[in-house]
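Please see the structure below; I have some questions.
A, B, C and D are the chain letters, set down in written order, and residue numbers restart from 1 in every chain.
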Amino acid sequence: MIIIMERNASDIQIQKVIDFLKNNDFEIRFNQGQVHTVIDAIGDKTTVTPGRISAFDGVKEVKVIREPFRLASRDRKPDDTVIEFSNGVKIGGGNKPVSMVGPCSIEDDYEGLLKVASAAKEAGCEFLRGGAFKPRTSPYDFQGYGEKALKFMRKAADETGLLTVSEVMDASDLDMMCDYIDVLQIGARNVQNFKLLHAVGKCNKPVILKRGLASTIREFLLAAEHIMYNGNPNVILCERGIRSFDSAFTRNVMDIASIPVIKKYSHLPVIVDPSHGTGQRYLIEPMAKAGLIVGADGIMIEVHHDPENALSDGKQSLPIPMFKDVMTRINRLNENIHYEKNCLSANIG
Amino acid sequence: MIIIMERNASDIQIQKVIDFLKNNDFEIRFNQGQVHTVIDAIGDKTTVTPGRISAFDGVKEVKVIREPFRLASRDRKPDDTVIEFSNGVKIGGGNKPVSMVGPCSIEDDYEGLLKVASAAKEAGCEFLRGGAFKPRTSPYDFQGYGEKALKFMRKAADETGLLTVSEVMDASDLDMMCDYIDVLQIGARNVQNFKLLHAVGKCNKPVILKRGLASTIREFLLAAEHIMYNGNPNVILCERGIRSFDSAFTRNVMDIASIPVIKKYSHLPVIVDPSHGTGQRYLIEPMAKAGLIVGADGIMIEVHHDPENALSDGKQSLPIPMFKDVMTRINRLNENIHYEKNCLSANIG
Amino acid sequence: MIIIMERNASDIQIQKVIDFLKNNDFEIRFNQGQVHTVIDAIGDKTTVTPGRISAFDGVKEVKVIREPFRLASRDRKPDDTVIEFSNGVKIGGGNKPVSMVGPCSIEDDYEGLLKVASAAKEAGCEFLRGGAFKPRTSPYDFQGYGEKALKFMRKAADETGLLTVSEVMDASDLDMMCDYIDVLQIGARNVQNFKLLHAVGKCNKPVILKRGLASTIREFLLAAEHIMYNGNPNVILCERGIRSFDSAFTRNVMDIASIPVIKKYSHLPVIVDPSHGTGQRYLIEPMAKAGLIVGADGIMIEVHHDPENALSDGKQSLPIPMFKDVMTRINRLNENIHYEKNCLSANIG
Amino acid sequence: MIIIMERNASDIQIQKVIDFLKNNDFEIRFNQGQVHTVIDAIGDKTTVTPGRISAFDGVKEVKVIREPFRLASRDRKPDDTVIEFSNGVKIGGGNKPVSMVGPCSIEDDYEGLLKVASAAKEAGCEFLRGGAFKPRTSPYDFQGYGEKALKFMRKAADETGLLTVSEVMDASDLDMMCDYIDVLQIGARNVQNFKLLHAVGKCNKPVILKRGLASTIREFLLAAEHIMYNGNPNVILCERGIRSFDSAFTRNVMDIASIPVIKKYSHLPVIVDPSHGTGQRYLIEPMAKAGLIVGADGIMIEVHHDPENALSDGKQSLPIPMFKDVMTRINRLNENIHYEKNCLSANIG
């Protein structure tokens, strides 16, 4: 931790900071610059957080050197985390990217859902996704069918041989949900709902954590840390767009570069959600490809058997025929990426 | 609701949208421009949301004319909401702005807390604020003392004649908290934690709702709508800074203009929190004043009896002597604002 | 143009707006909703801009239906603009994506520059890029070698068979620059320097226009419109990252989705600059690929023969050996994209 | 300057950085942490910029301790800059805040302009402002009347006893403009048009520099530094809103806190422009007051004798009668602020 003192910090102020750090077993070096005194302190930041130091009079800024996430950090665990399911599907670690597809909300139409699930399976996808509890900006929008939706989902997944993903919004639903769901999802709006993060941290199901609209990459990894710290190492990060100043053509701005950044600093798998990331049907394919080519471990896209009658997010859902075409091209891309990796290994080897 | 069709939308696409709207009892007018067809539809948006229309092929954009919040809207309720407490304190409606002060976290030091409460009372403040459950970006930071903190708070408030404010992070804590707390607070990170909004909507305590780091004003008012729709009309909105591209000197950017904007579109009281809004002690006074002069109904500021040893947010807390000086000037400003209002009334009258 | 009146707009206010529009030969339809009156006006927005209407009392919002750019719009010109150079190189229209490479600043070392140019030519690149005039945030940073740099560039390009690209910062330099440069570049900071846009609009050289840090896509296309309106149809748009709330790991956020968005709404070619877009060497390759796979017509990347001694932007430059490897993989990707397109055409045909 | 090395930086990489710094006469201390090596270097950053160091392999981050602006810095010049005009008007240094008022664009209507100027003088304002050259996002919008507008402005100002302010867009207009104008203005879009900054830096007229839509405070002060470094010490900074994710109710977000921040770090005067900052007539008064109460040295507001027929920005202009009322209250506020300052001095003295 580096402490930069204000230009006019007094010797007494500087000494107070140094004494406090020494009393907390920090090792200190300091440097009297022309203008600012800089204190470099090495020690345990679980007892003395940067925020505490910054409250001392005369402190201009406290700069932490080491990334604040630990369990999520590649420093601690250099090898990729790979999440394996009972049917052999794997996420992460250079395995074939997975595809999670399905309607935004599970609706009261089992046959429709089954059509999507069948198309998904046929196209080589591994997961059926869909919402049972919907976080909605307005209380007047459809809020989801709850457990009934989960039953439909499980049934359609079992019938077609898929795994299931659905969003949890409340810790009290977790036990019930775990009966139906293979992967829990934390939505973007709950990325700092710490009570919920702690609750899924105590579950034995993998968790997809969506980046918040205003989450920095560091905060995003710290949210994962909350889950891991509570005992669950199987976190899958999902880039789904951040808020920017321009929402005229796309709902959010997808931070595609965050994928290789996270891969560098963390061992956790990362997937990409171009449906929510853009809010536009015609951008799903290009942005899924953009995510995959920079190293995403999977994609999550919305598919509906009848988007014009979808109860939510129809605009950003693919109809089934278009979905089939898109998956043909995405599967071809995944093969090319795999070939490219082999070339790389051959070059290195 | 206005539906703008794509440039190349076919007649069939246009007709499908019109038929759907007519079948849902919308009244339709449309206008074939040189380039785009525009459909103007009047009807009930609780059954047909804009999102459903935007899923139709050929639709470029759906523009809602009426603001989507209803209970929170000044259209529906032109008079200011005034929240009155048993001791006569009132928030909103042009009453004297209230002051809510106290430490970020309630710590294991009752005497320290009492010092703050006594100074607050003496300076004319109405509320003691403090955290018992702390939302922390990192799992390694201090998470709050829980119920013990609430007991301290209630005791210090009763001893000095103040009301209490504290943040609720989990619906399961609500019953317990209501024993100690006069005003519940929803933190910025939970502004779209809809389960929690619904839970406090069923409480009979007033709720301070903090604006999320990435909440638009419209989303902020819709979050209030979630609380009100569940039965609780006593929502106090709190501007506490939004995330911007520049956090070198202030943690967030305070959107001071949001206060008069909200006043125009909603009847709810609005307060301002310059401690979290800026993260800098020296900015608390000017930014509190900025909020008050544009019409805020109150301020929330962090005060600590010993900021250098605060367990959280010491950097943005006022020490007691500085706090007393600040309140002297803020009280004087409130008198001037009151005088100005009287001049205005006199001019108008 | 749709005019939405305030909830409480008076009949007189509404009539005033209607009369004004009618007097300016607009065709009017209007719709009295429950709350808001909506006026739909069809006419010539070059004489009556939305801003003028919004100044009328009682107007809440003016919504323009048609995109405000015209010459840049695909509505007006459905076919892709293709820019062809005397040596046969083409940009846009589905031609093989071009590569523009070179140092951030041209330095006082011709041999170094020639090394970069030779490597570029060998790797199949078409353009040598480099700065002669550098826009620098601080006046204390290196500002470029001016005409001397351009002479070096021209010589190295001629020796290797490349075309040249360099940034123009001042209209008074244009004549001189045109002696050396094949493509002029307008930097992100000058995207709304209208005097400069007008000046390059009167040149007969193609212009690369970089997106501003805070440019919306609409403003970006309107900046292109300024150039085209002044007579120069050969504008190449360049996505190079926008400013976001997170700059801890990447300098900017690359808005990769803007590429297919612009392709949908405009016929102009689009290229991508991952060096400035991310500011990180290790992100150049993945983000160049992300741009290409969503349809970019070219890439611009920084290459330096000795990045550790570069006078600017060494951090985001590729050293020559790494550059060669990257180009091998990028060339392979371009072939795959081409193959994919052929499959698409075959499927459609 | 503090250099933080990557976790896995090799000893050779560390040594290369140290050698380079030593060769450039930097004094070095370094600290081998558990994870990262930190190098603290004291020396002249005009020869070795942080960017050069960051290009070395193994460098994670370079942190500059001292603010990069110098001439604009309060470190160098603790006393407020006060700009004095020949008629005795002063800006900065705790003098009575000035008011700069007038239409967005000067139009072809001298009588209208004179009405505004007379009302301004009567209300105690010091400056007539208005645009002769208009930076317009669209080439189809009105671009200003040029020199004719400046003649009108000078005449109306002379007739009423005001000083004049107008925006310069091109260095080649400067000589001509200086015949008519007392204060030059650099618009937000030109805040990093360095050629223009250098040109006004060579003028002997004070310069109002508007903050760019995406300027950080640091970049804003560095833009002022460009002017000062070229010889002109009389820079007035103007906060006029930054771009945020929410533009539904206000065009920009006014960063009111930037005013006391700049006051802390710089000696330059700061004014506030609520017309451009919000784009809404009803927000001009509250946001002008917010700026003044946090310490702004002046306000700039748009006033038009007939806003509904203004050629630009009518929506954000005050009509004359409303302007008079607003100025009455703003003058009263300025007196109160002055009284408050005296109380402060009395308390301290």
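Here is the rule we go by: contacts are C-beta pairs under 8 Å (C-beta built on N, C-alpha and C of every residue); 3 or more make two chains touch, one makes a residue touch a chain.
Small disclaimer: the values here were computed from a predicted structure and weren't measured.
Novice: By mean C-alpha coordinates, which chain is most distant from subunit C?
Specialist: Greatest centre separation from subunit C goes to chain B.
Novice: Name the chain pair with more contacting C-beta pairs, choosing from A-D and A-C.
Specialist: Contact tally favours A-C.
Novice: Would you kindly tell me how far, in whole Å, the mean C-alpha position of subunit D lies from that of subunit A?
Specialist: Whole-Å distance between the two chain centres: 39.
Novice: Just give me the whole-number Å value for how far the CA centre of subunit A lies from that of subunit C.
Specialist: Comparing mean C-alpha positions, subunit C is 31 Å from subunit A.
Novice: Listing for subunit D: what residues touch at least two other chains?
Specialist: Counting only residues that touch two or more other chains, subunit D contributes 214, 243-245.
Novice: Under the touch definition given earlier, write down the residues of subunit D that touch subunit B in their complex.
Specialist: 214, 216-218, 242, 244-246, 248-250, 253-261, 264-265, 277-278, 282-283, 286-287, 289-290, 293-295, 325, 329, 332-333, 336, 340, 343, 347
Novice: Where on subunit B is subunit A touching in the complex?
Specialist: Listed in rising order, the residues are 16, 20, 45-46, 49, 51-52, 54-57, 59, 68-70, 135-142, 169-172, 189-190, 192-196, 212-214, 219, 222, 225-226, 229-230, 243, 307-315, 317.
Novice: Residues of subunit B touching subunit C in their complex?
Specialist: 2, 4, 7, 29, 31, 33-36, 38, 40, 42, 63, 65-66, 75, 243-245, 247
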